[in-house]
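Same chain, two partners: chain A is paired with chain B first, then with chain C.
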Partner chain A sequence: MTARALAGLLVLNAGYLVVGSSLLWAVRGYGSWREWARYAGLAYLLGIAGLGIVWTLMLVVGVPMRALAFLAGAVLLTVLCAIVGRARGRSRPGPSAPLVLTTLSLVSAVGIAAVGVFFEALFRAGRLHGLYAFDAWSFWVPKAKAIYAEGELDVDFLVQVAHPSYPPVVPLLDVAAFHAMGGVDVVTLHVQYWFYAVGFVAAIAGMLLGRIPGWILWPFVVLVLVAPRMSESLLVPQADFLLQFLVVAAVVAAVFWLREEAGWPLPVLVVLLGAAVLTKREGLLLAAVVFAALAVASADRLRTAWPKLAVAGLAVAAIAMPWRLWYRDHGLTGESPPGFLPPLDRVEESLRLSLDVLLDPALWSLLTVLGIAAVVLSAIWGDRRLALFVGTLLVLLVLGGAWVSAAFTDLPISADEAVNPIVRYTGGIALLAGVVCPILLAGIWAGSRRGTEAVP
Partner chain B sequence: MTQRRLRNVAVAIVAVPMLAYPLLAVAGGAPRFPSRDDCVHLPSGEEAEQLEVVYGRLGDPIAAENLLAEITGTGFVGAELQLDDCGRWKVSYDSIESREQGEALAEQVRAAGFAARVEAVR
Partner chain C sequence: MCVVVAAVAAAARYPTALSEANHTARRDARQSYTDREIAGGNAVLPSQRSMYEARARIPSDATYEVAIGERREDWPPLAPDHTPTYVRYVLAPRHEAPDADWVVCFNCELDRYPGEVVWRDDEGNALVRRA
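Right, the complex of A and B next:
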């Protein structure tokens, strides 16, 4: 609300960028300062993810989560990354080669301008936004207030709010924002979610620019941002979008890993999915789906790829474990459905609901339809491994959404967001479709120009 | 087009709309930055107005709890701790029937060495 609160958030998010930059430097290094700038969005997301994991572990082991503890966690992670980076022989970024532009680069300029103006407008909307979203004021933000006030999650308090076993990354990030703002400013808190959205778009654009043509990339970035459900909900202080940002960025890292670009995408994927499983209970499902799709797409490299995937999967499971042990140890329940196999009478209806929501243009405009079309076209003319990965991912995600609706028998089978999370869940699929579309289409484009198998 | 001209055009394409939008937005007046005092409402004198006596607003919940304990320990019972809309913890007493009653209580509390002010509840 105040200028001081905004300045505090700016410093906090610069801090996330610094921590994430050190993490990315440790796992991949930077060839030049321009490369650092290109990967700054990914570094920012890694900063959020890395600190989300560290702060959750600190909360679970009983560290009083006051301002100093948040700072100590950030310093600890940065120093650890610096030591690992040094040990791995990472050097300082060197000078950048001159930037060469073509006439088509102007399309990227138009895209950057459109996205920039979009975020300026979104900032205006967020700066004085009231806390109206039901889940936000009923349990996400109250949990953050409780940690801010007490320095811990008090079980007596948790049992009085909805979903006491939901993982704590979002409340912890909110608490860090409260400390940065100088108080529990639930209005300016919306600007923190604006930073997440900016960071995500910067991450995706930075990872893909240079790999796919700007004239294919930017229209999809704009299309994602103006999709009805996206633009109206990006600032809601809930876990849904942050979870989706982490998972979609992890999927892009997975694409790079599938192309055998280098070793760095897998550790990046582990950190992003590790944070995802501590952000929302759906994170477990989404992480499992990403690993399953990766396993299917790399089935022909069983001996080399699968052991690495198994190690990465175990690492994500290990990150997920402490919070689950903590809440079970404190007698909390509620993260799992009554049974793994849903009642048969709910399966067909849930699947139909999942598909209806997926293909609803009033929610996602053309994103999901274009995503499906891009997979089909890529399977025919593009990179088939990539098409297999994305296709498997989309199918499993839709089935996962249907399973959630069917297995949690207390959920009515309805697209009403107040009673069933399917719309929020499917938002992740739409976001994913919008991001993978340009990758798949660029593969077809590159293949058609070279007459050989395409690369993303 | 030369590299230099291309670069200039690209910079203009990005910069012009990104500068124009905020300039147009502030053309009607500078943006308002509400302060935390926006949550402090002095009584307007209207008859139906609900009043309270506020003993303090603090950013730190522990300090606010301590203030509440001190006030209560001094004998001013019935005070409560609440988070106000501007993110500060408010120690206040809201069972006030009239402005006169509120002013009398505030004076007693001030005489005991604490801060106190009658405010309107909104």
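Right, the complex of A and C next:
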């Protein structure tokens, strides 16, 4: 709760940006410094994702995770990216063309102002907020405190808290924040989650601005932020939103890859989904769903696209493995349901629950309804490949949520967040709907202006 | 049409979301340091003070156990079920263990936990260091 803690978090997050920028430079390169600024949000998310993966591997192989180890992991990853970038012939970003302010439309200016004012209010809300969320104090933060104090995950301690086999990215990122703040400050920790939200919005806006008209993009960006469940829970120090940020950013990268824009989206997708599978157990399900939807949407390019997807899928699986091997080796269980096929009597009820939650405007405003409408409209008048991808994604995600509720037989079929994760899970679908809507609608708009089908 | 609906929905919801964030900020700023730090524990713990005493007195490499006695009327309704979980959060990375070095007692029968009572209050909360 001190200025020193806030300054520490600022430095830490600048570090995430530096590491991620080097990662994105290695896989993509930057034409100019303005282009770097445009992709800074994506670079920030990649920094978190890349370091989440590296720190998890270090924890698993037994490196004592003290402050120096966190720093060493960051330096190692940055140097590695610099070497790869050099080897691939990446050059320094060149000078930017003069900025023409008229290119910023009035709608974009209003959108940026609205987002900025909201984030300012959210910062003040998080700055002095206590740790109220049950999952946060019952297991996420205790795990972080244990790693912070001992530099490792002590299995004897781990078995005393709930969900000992949950992946460790969030506790590790919390530990990095504790080191940056100078101690276990569970109040200022909320500001770290504010940075994640800012980074996510910057990533989405940066990736889509210039490809999508501002008047289509900004209403959805603002709606995503202020939808009831989003605005209330963005700063809760749990894994849900970070997982969703990673997966949704990966989906946008997947959209770019589907358009065969360049080779860089696929490595970006692998890093983001790799971190997602180490953030929460649902990450495995979400990553599988993204790859399945990509496979369906690129079925007509079977010989060229599917081998690349297979390699990317294997890479994500390889990233997921070490943590799973570690916890099984230490006799921990708990990530899997009792059986893959859920009891039939629970299936119908779970599916109904998933749909009820999905379409509840009290939770997501109109995000999910608009998402479904955009898929249908895009299938008729827009980019059909994209509509197929997003439609498959949404259907599989809803079915996945229903499967979770049905297969984990100890979960009551209920929308009560205290006993069933379906609302938190569906938050990811709503977030995704809000982000893909402008992409789909811009495709229809561009098509109507050119008189042909077009992509944004 | 979808964009117009999204814009209207965002505009309708924006003032409420902003007001909620402002309300949270004002409420949190008014809290005492203790209430802010204990936060979720205020709905769970029989005693804030006992947490500060336990954290200050129990060494980081010592073990502890939580002993909960008969529920008092002034306890939060969730106290009996969730106090051990909250104590685990506050005292992490200390390990919980049966026959531990320390006992964190909430209105428990102290006779059942022989040792040195290093702190106690008038509401039956105590810290016992076992011999």
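Everything below uses one rule, namely that the second predicted complex is superposed on the first by the 451 of 456 C-alpha atoms of A that agree within 3 Å, B and C clash if a C-alpha of one lies under 4 Å from a C-alpha of the other, contacts with A are read in each partner's own complex, and residues count from 1 in each chain.
Just so we're on the same page, a contact is a pair of C-beta atoms (placed from the backbone, for glycine too) under 8 Å apart; a residue touches a chain by one contact, two chains touch by 3 or more.
Remember, it's a predicted structure, so these values are computed and weren't measured experimentally.
In this superposed model built on chain A, chain B and chain C take up the same space, so to speak, and clash.
In the superposition on chain A, contact of A:186 is made with both chain B and chain C. Using the contact criterion defined above for the overlaid structures, shared-chain residue A:366 touches chain C, although it does not reach chain B. By the touch criterion defined above, A:159 reaches neither chain B nor chain C. In the superposition on chain A, A:145 makes contact with both chain B and chain C. Look at A:109: by the touch rule set out above, it reaches chain B but stays clear of chain C. In the superposition on chain A, A:124 contacts both chain B and chain C.
Ranking chain B and chain C by residues of chain A touched puts C first. When both complexes are overlaid on chain A, the residue A:321 reaches neither chain B nor chain C. Of the two partner chains placed by superposition, A:10 touches none, neither chain B nor chain C.
Comparing the two interfaces of chain A, the one with chain B and the one with chain C have residues 1, 114, 117, 121, 124, 127-128, 145, 148-149, 186 in common. Touching chain C in their complex are the following residues of chain A: 1, 114, 117-118, 121-122, 124-125, 127-134, 136-138, 141-142, 145-146, 148-150, 154, 156-157, 160-162, 186-187, 215-216, 219-220, 222-223, 225-228, 231-232, 365-366, 370, 373-374, 377, 437-438, 441.
Within the complex, the chain A residues that touch chain B are 1-3, 99-103, 105-106, 108-110, 112-114, 116-117, 120-121, 124, 127-128, 145, 148-149, 178, 181-186.
Here chain B touches chain A in the complex through residues 1, 3, 6-7, 9-11, 13-14, 16-18, 21-22, 25, 31, 33-36, 38, 59, 61, 83, 86-88, going by the rule given at the top. Those residues of chain C whose C-beta lies close enough to touch chain A in the complex are 2-3, 5-7, 9-10, 13-14, 16-18, 20-22, 24-25, 28-29, 31, 33, 35-41, 60, 85-86, 88-89, 92-93, 95-96.
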